[in-house]
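Quick heads-up: structures coming right below.
In the two assemblies presented below, chain A is common to both, partnered first by chain B and then by chain C.
Presenting the complex of A and B:
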């Protein structure tokens, strides 16, 4: 295990070092200490390494991640794992707004709660939240899955496209064009796999599924109120 | 009143209303019949104060001109000198504005890259991501980060020569994008991760930041991902140019891109295009003022766009303090858009050469604003690229002719003192004197 102390090393050096690791590196395990809410930490990683951040971290942690696993042992700021392509990001604490925004792949696990706009504009990422998510989550969500073990705030899935939403607790309200959908065996199986990969022991049958009514897909004058 | 049966010599001929003119009446009738607003491509079509309202003074006894063709008038520009490790060097101060693959065909994107590269300038991606065609054909490619983040990908980010964070466009400041179902073919849908054939809406706000403080952090992240190499532009529609420019500088931009209301769009509501935002003429001086107040003029470069057509427009933008300009509509015309040779086909679409703006429908007979493979195949990217290069060369030479006449050995030496205005409005907006006077409305007394 390589340990870097962010009190003694600049963010630029840390990111450069992690970004510069080749795919076949054998320096696979990293620990970052004293992160003190630093922004843009462990962003743009491309090697299949594992990075543990020991403490709270700022905005855009693990942004645009490819292949790496980043574990935040603390809380994190806005846009964790934004636009992630692949790999895995785990937040042991709570996450602020726009967690997993526009993510295109990989898995984001939030063990605490997530703030507003969780999974906004998501494009293929899978997000599993052990706690609850705030308002406007999965806004314009295009694809991928958002699993919420707790409750969802107002306007869940507003203007949603093809993303799949699963919520175990209550949903304060659904956004425009988002409706409850039937949970089929196929969805139960997929949800079961997601929960398992996130290390969460929950019965898929206790969740309800939400998705797009697809009535806003092509403009129609009778729907103007929803646009 | 006249007696229609027995017209007298004093018969009052039918009088059209200036208020309810033919266009307004037709729009009321169309709205009543369809219940939906008009969507179209292009920029504002109404007349607004523009560069035609300015003139260069040239030189005589008090100013000394340069000899045309023999004395050098340089045209190069460097963008991104503030923070980027690898600033962009362009041979000419005319860049190609961001236009998406999706709005434009793959061939059109390739042609833009070829023409720009031939002349030593840059092209820009657009909403929908980077295509291999444009990366291969463009020596210098600016990659846009838009609210939709369609096709946003760190590999492409690293392949780009600069990154442009798009906050807004002059045609629709405060509005998101749209690409109607007709143009969402399989390839476009795949790049944007959407179902084929749906009307695609792009958000009007970024998903992961809100105010300028967040934007500062966002830009920091982009720099961290790309090793602080690439210039970062911020593009805004012209609305409150003084404050937006100041905030862009504060957020850490290397370059500010300012787009006026005449600027083209692929598809927007006509009412938005015509009624929201400032003409570029009114926006340049406040933006330059903000840069000067922050001691950042020429340190953070300013690119302006919106209705630029000829070398005089380019020279006027630079004289008002811009470092470079961007062109969209004019570049498409150079490729072959609205070509009179296609008149019969424009007629079939209910339009005429010079007016065709239904770019959102994807039926462009010139093969430019379409995803229909047969129509797109009509545009030869090599030939169209040559036409664009020719046009860029002319723009540059025209600007040089004016600059030499004003005694400048570099286009950037043009200055507001070289200009006068023909109207009171344009004098106030451009902050140059009304021709024949020393009066700058809003700055000095007559």
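Presenting the complex of A and C:
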């Protein structure tokens, strides 16, 4: 394992070193120590490496991730794994607002709670939260899945498109055009797979599913000409 | 843009280290506020019947000792003055409601930064590290402290618009955000007898909470009332003689992170300011929820 101490090496050097690794690199396991809440740590990775961040971290950690696995052994700030393309990001503590924002692929696992706007404008990412999510989560969610093992705050899934939301606890309120939907065997199977890949032992049958009613302006056939 | 920090010590054994930790927290917010910084520290209480007032005059050669002497003669009380940078800490052996009118009437050239029996307030231009060093923050013991760093975007780098705002005895507020109904609220508060020193929206929030507390509301009740009456964006951190409160608006777009363990509670705009607190790695750390009042009290 390669260990880099962020007290001794600048964040810019660390990011450049990780970003510069070729896809076939043998240096696959990395540990970053003393992160002290730095912003934009381990962003833009493209090689299939595994990076462990040993402590609490700041904004936009593991943003734009492709193929890499980033594990944060602590709490993370705003926008963890924002616009992730593929790979996996695991947060062992809690996450602040906008976790997984605009994510296009990959898996984001948050073992604690996530703040407000978790999965805002998600575009294909799968997000599994072991705890609860804050208000306005999955706002304008377009594709992908948000799994919440705890509770969801107010206005879940406001103006949602095609993303699938699964919540085990209570939902404070649903946002505009977000409704509860039937849990079919197909959804149970998909949810089961997501929980398993996140390493969470929970019965898919104990969840409820939410999604788009498809009744807002952009879904109405009369408005097709406007596009 | 600005950064706010607050530290509230639950374990009295940590009190000698209050200033040292707040200094680290303040420096952590240098990138969010490199232009000026302000601190309010609750420490070294004066005895009952005495008052402590922090004063400001831009001239570091200001005749502070003459002011203290004149005050002593006029009110026939003992006074003590200690200059720090362009500030001075005045202690008078009488309640503040005798000292403040005299200062306002006889020294309009001096700005009253804060008053009470505990709170001292210093605000100055420069990097947070330089301001902290100038006022000897690291050496200040005490129970709780609040700080603010400012990046000036809409108005000049001056001390009068700087936080913390100190609307009442031993009370201070820092604010990240902007209020949209401050003009109406200011009018309403003026009718209720509150006097304003600036046109700043954060001062309106500070005096709003001061008014609620003066009407008998608890810290929690005052903050809850603010959720109804204050319209706009805010992350507030407020200190009172024995209390500490954090409040965010319902949209919560102004950043905040809280950390707590058995020894202390800390608030900051970003985790960077909390990174060096003792035992932070084992503390509970979370983002305060929108429209939710968080309060702590020494008693």
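The definition used in the following text is that the second predicted complex is superposed on the first by the 216 of 227 C-alpha atoms of A that agree within 3 Å, B and C clash if a C-alpha of one lies under 4 Å from a C-alpha of the other, contacts with A are read in each partner's own complex, and residues count from 1 in each chain.
Everything below uses one rule, namely that a contact is a pair of C-beta atoms (placed from the backbone, for glycine too) under 8 Å apart; a residue touches a chain by one contact, two chains touch by 3 or more.
Everything numeric here is computed off the predicted structure, so don't read it as measured data.
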Both complexes share chain A, so when I overlay them there, do chain B and chain C fit or clash?
fit
Which partner does A:145 reach: the first (chain B), the second (chain C), both, or neither?
neither
For the three-chain arrangement built by superposition, which of chain B and chain C touches the greater number of chain A residues?
B
Rounded to the nearest 10 degrees, the Cα-centre angle chain B-chain A-chain C in the superposed arrangement comes to 80
Classify the contacts of A:132 with the two partner chains as first (chain B alone), second (chain C alone), both, or neither.
neither
Name the contact category of A:38: first (chain B only), second (chain C only), both, or neither.
second
Taking the superposition on A as described, I'd like to know which of chain B and chain C A:58 touches: first, second, both or neither.
both
Return first, second, both or neither, reflecting whether A:78 touches chain B, chain C, both chains, or no partner chain.
both
Should A:155 be classified as contacting the first partner (chain B), the second (chain C), both, or neither?
neither
Going by the contact rule set out at the top, does A:94 touch chain B (first), chain C (second), both, or neither?
second
Compute the least Cα distance separating chain B from chain C in the superposition and give it as a whole number of Å.
5
Please identify the positions on chain A that touch both chain B and chain C, taking each partner from its own complex.
39, 58-59, 78, 97
Show me the residue ranges of chain A that touch chain C in the complex, using the header's touch definition.
36-39, 55-59, 74-75, 77-78, 93-94, 96-97, 112-113, 115-116, 134-135, 153
Would you pull the chain B residues touching chain A in the complex into a rising list?
34-36, 148-149, 152-154, 157, 180-181, 192-195, 197-199, 201, 203, 207-209, 214, 217-218, 220-221, 224-228
Going by the contact rule at the top, pick out the chain A residues touching chain B in the complex.
11-12, 15-16, 19, 39-40, 43-44, 46, 58-60, 63-64, 66, 78-79, 82-83, 85, 97-98, 101-102, 104, 117, 120-121, 123-124, 139-140, 142-143, 159, 161-162, 217-219, 221
What residues on chain C touch chain A, complex-wise?
28, 250, 252, 255, 257, 270-276, 280-281, 285-287, 289-290
